[in-house]
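Just below sit the structures, each encoded as structure tokens.
Paired with chain B in one complex and with chain C in the other, chain A is shared by the two complexes that follow.
Up next is the complex of A and B:
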């Protein structure tokens, strides 16, 4: 008994002493904290002094003296590593030198990983083990987590004050969507590493040599397109005497991949699967569950029954369908502009006569078909809470844009040199102006028309070289480039789409909310399963209403509500 | 009657053989396919013409693979890891297995220690705590991060422990009477008598270190420090073609996406050393495992 007493008293003494030491630690901590506050409040007047001293205030490209050091992560890839200019590495190169010399910012990497799954995994490990660098490149989901757990700085003021006019202009080329996505409670928590959303647009790619073989003309309407697809299936377009072709290539993913998908087809019926669009009342609704889907689905089912779509498409991914396309088993697909490099160049490699051409997507009625696009910006630069210089990232982006696109640009030194090194990617911080490729395309098309390449920047120059290699030397490996930049080639169509403003944006582009996180995995699976069933006829289209009801019950309604709340919060 | 039984046995044997042959063919086929792809031309592969035999035979993929600095650099890392890892874990295994192979009356807390070791195989802290431990020990980005976490392979210890136990006691007792210490008995008597088991364990350690890729990916901070399998993983993993194409360089990259021949050649090269080592160690393999499992 006495023993137990002794033990408990001993225990309580121990606990007490622990508590005391904890208290004393707290006590020690408090002055330290106030000390740092004091220093920061000291430094603040200093900052505002320096700001008021050099009254045009803040210099977006001002140099830190003494230099500061910031840490970050970066990704790399094989092309980048295979193309390093002589004597330069990821740790030591012209961009990092420029940042150090002109801005007084030394950039150090906590780690470097190959882009892809392992990069995401390492980021998640770093985030969850609390090993944050000063500047954290994250996706919108991770940005939200960091913002909610209060681990990162509010960059609203830093961006307002330090972003150069050029930065503001280029980052806003696509409107304020990328910024809205990075705003939480009205505060900007990350600087978007912007990319072109419009380039997720779709075209329809058709074997032109097959059209000629059958005496058909390019499609002007969806009805034309359907006729072509049927003829490609039934009229032996490759003239080999065998019934071995299909009209429309399709992969089991149905959407999103950018090759042999269906967005372009649905868009022709003014249905917009996978994205949120405004309905007549201005409310955001989910495209995949709208009644506009019924007509194209009915048509697709018919095409499946008629063998125009591969009966085995549900087992084939992009790689597999790509093999069929290369082997000349199908002659038409909906896809992105980059399809001319893959798989079309391979089609041409395998059969020199094979000749794909891109066309704008077509409409079922007299209303123009609009192509649906998603926000392409998927990286945001966040700054660790307590960083001394949260504005450093803004200055770095200022510098990146200035050296590439500003009045004092040195494109050959910093973006791309004449040997084709992609120098811009040596910088761990980047932003690619969304209109860049359109502007380049216009310049290239112009240059080819007038046979004058004097006005091209080095990036466009490399395209010009590729085109000329085919035009002058008949180098078949560059046939794709030649086609893309001939009249009405896909490079031209990109410009036409932009001029006609043929884009419908996904109206939801923020970080996924709680409901979306909870339900979307299940719902996406359910949706894909149902659409596939409608196409192959396992589910009659009379059940479409039931599908919509089920979808809403499984969480679709909750997500829609959440998305609309989000949208209203933007308008405030 | 007898004839019937023989007949029955024969059908049974044929059925068994059929099943075994089919299973082994099924296991073999992917490797044969990879080999065929690696020797075929890129366009034949892109068109899906290659199954089990090369189409348009070419060695370009191998030439290209062997010319890559990254391939050799990561091979060196793997060899280094195997060298150190093998040494460390064999010494640990032998030193731990010996005392644990003694009876409880010779080594009082034997059971307790066995349980402690066994316990560690049942639970693990999970990825993030593991990562944090390595980070706080400042082992990130060093070869030790790949070697030390695998330094004490408990399964191997159990095998060796049981192997030691079935060695005749008389041998160690007579050595003891001649005045040999435990260390002498272990290194001069037990180890020379256990070559079969040690060869098996060597193979286990080799294969584990050769095949591990995940630890390299998460614990190394630079691709230059990846071991071979981590490097191969980054090469082989199918690129996501939905990846947004932002630049002309990406487009050039895309045109190369059918580089399945190159990937295949590297997979094959990566598997080759183990395939070569295996037959040499195999004669010990069965013996080592079976003997270790007999308890005496």
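Up next is the complex of A and C:
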């Protein structure tokens, strides 16, 4: 289990770090057009002109004179500490100097801890002992607790007045969800350290060499996909003369982990398990209990009976199923973009002929299949009640974004230098515009297509290097990278997904309410148990209505009510 | 006289002090956290902050949760099975291995059965899934060779708890065997000689000499294991269960894990933990009293 987690996490971290980190020079001046659209269409910010007009004294990047001192917590990690630029430390570096010189803000750390368990423990300890610094980086749950115990400042006015137009634009690239999540009783209690939600979008990965062996073409519709899955099971796709393959790989937990899961399959039937979606009346409803689930579940049951899904999937976790994938026992799965590093590179290592290719998820009808995503932003900067300068955090974020993406940016000094130091991570306060990764992918794909890497930044260069190692030297260990950044590779598909806006957000993204806390343990168990039973046939699909009724009785209804109240509170 | 005794024993008491301090620091002080079981606990307000007291509400909430009694039943079934079979198997095995003549064989068997004790369930679970697989596992290959239907040990609610019990016994019985073997070796050989002169065969010797000689240690081990009546073994079950066997495999510890760690429901999770401790204490206390009354057993 932990080995698997490590592998999976390593894979995703690796890929994410490469994709996340880069920001090409091209987008410095003009941060993505889609971002500005989002800004104007959403209700939240927009008041920048009026605010600055009514009180001209406010300067988003104005300097405090005399300088002020603010305290905060700092997380660190081994990669960061091993790659510090010469002469700089977490306590003394170019970002802190810039904050002090340009903004007149001296940043001090109450404590520094390694990200992960150590940091979580320390922060929980600090929260429970009440030893809060001026700026507190917290998750949405902690933010809610702090807000409800009245320990932090309302930042609504500070953000309205002090956020620069650039900040408002970049933070709104994914809409106003990160802000809504940080709102309690209509008040903004934390500044979101935004991240890209699209990283969890699922694709369908298919053994292309098997398609060729069987003379099949890539799926355009769900019907095609089902035919492929059946052929992969029954027509000996690996041509070893044995009936030893399965069409669709699946893990016992069914969803969430991003490899051999079912979200992409259900999404193809316009069912959205595990998230809240708007129904026809604009009410939020829970995807797992909607009637759209019946058709895909019926299909999955048939596939289980036919042996297209492994009869033993109920005892296999991602690690075990991964072993089967590597051994060539299955030929298709739904999963996230990072699967090209794990397990697909391992598949290729084990069998050079094995060739996985990602495809967009397909639909059962003529409506486009949308991938379900959760809000990825999970850190918010709260400000301790009674702090003298609550607007300081807004100014700090203004400066962070300005130095990296603004008109006066100095990318190589503040984001990443030519030696590849992740300079942005020296700043204790950060926000990474969600569209950045997509823009990176575009840059890399362009560079590869035109065989010109002159416009690439150092981190994208490492992707380029990996691709070239395969292309020029036939280094099979980099086959995954090559595939990912080929035309229609997964890197390209991410761009296509983004262009098509091919995602449906979980419409509930706030801190869990009382009912949700109270019932979700029981409900999640019940849901997984029932869905598993429907697939293996322990429960007939004719009992779906009973399942929904039981679900609602066990607390589903109470949660739905609570979620809708939360959603309505956002409209105010 | 009294002063003399103090003078003599003082250094001994001082030696206990560091150990005592550690026990107080790490075992008794954290018990203050028990208050969480009676609170609507919000971590941000602090352990000693202005938490809302809810009395027995957390207990009522947990025991009223749908499925709680199934979970309780699963726990007791698996835990009791492990206790009982885990007690008998090592005793039988220790007696058998004690009768083996070849020293080298005896030692190697002892080592081999002891080995799984050192592997973590994270690793063993992967191995178990493979060897118990109905399609490709070795166990089911044997079953099929005898013409029976393969059994889905880990995927079927009727076999999952037994699989938990027997795989745990398999992992741990080597450890128990070592303890009993050590006990058997302390039995005076003269008693065996005397019994054989009296005409006792192997079976009679085992019944009248070996087993009585092991009695105290058997009672001790049984007593201590009674404290585990609500411990079905988190590591093992967490690594082997899944939605398909929640019905028979979800136990208190996996439930608390989901409740406390995944859902951040600290109050109810602490309430369950407290409930477990109280039940364990009652069982140990009761069993100790019974052992004292009926087997004349005492720790001090």
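Operating definition for what follows: the second predicted complex is superposed on the first by the 502 of 572 C-alpha atoms of A that agree within 3 Å, B and C clash if a C-alpha of one lies under 4 Å from a C-alpha of the other, contacts with A are read in each partner's own complex, and residues count from 1 in each chain.
Going forward, a residue touches a chain if its C-beta (ideal position, glycine included) is under 8 Å from a C-beta of that chain, and two chains touch if they have at least 3 such contacts.
Not measured: the values here are computed from a predicted model.
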Mind checking the superposed model to see whether chain B and chain C fit together on chain A or clash? clash
Could you look at A:319 and tell me whether it touches chain B, chain C, both or neither (first, second, both, neither)? both
First (chain B), second (chain C), both or neither: which does A:129 touch? both
Could you look at A:386 and tell me whether it touches chain B, chain C, both or neither (first, second, both, neither)? neither
Tell me which partner A:349 touches in the superposition: chain B (first), chain C (second), both or neither. first
More chain A residues in contact [chain B versus chain C]: B
Against chain C, colliding segment of chain B, chosen among 43-51, 97-105 or 259-267: 97-105
Show me the chain A residues, by the header's touch rule, that chain B contacts in one structure and chain C contacts in the other. 128-129, 319-320
Of all residues in chain B, those that touch chain A in their complex: 43, 46-49, 70, 127-128, 131-132, 135, 140-141, 217-218, 221-223, 233-235, 237-242, 244-255, 257-258
Under the touch definition given earlier, write down the residues of chain C that touch chain A in their complex. 42-47, 49, 61, 65-67, 122, 125-126, 129, 133-135, 152, 154-155, 238-240, 242-247, 250, 255, 258-259, 262-265
Per the touch rule above, chain A residues touching chain B in the complex are 76, 78-79, 81, 83, 109-114, 116-118, 121-122, 125, 128-129, 131, 195-196, 199-200, 256-259, 318-320, 322-324, 326-327, 336-338, 341-343, 345-346, 349-350, 376, 378, 420, 422, 425, 432, 459, 462-463, 480
Touch list for chain A against partner chain C, complex: 1-3, 124, 127-130, 141-142, 145-146, 148-149, 151, 252-254, 311-312, 314-317, 319-320, 512, 517-518, 520-522, 524-526, 528-529, 531-533, 536, 554
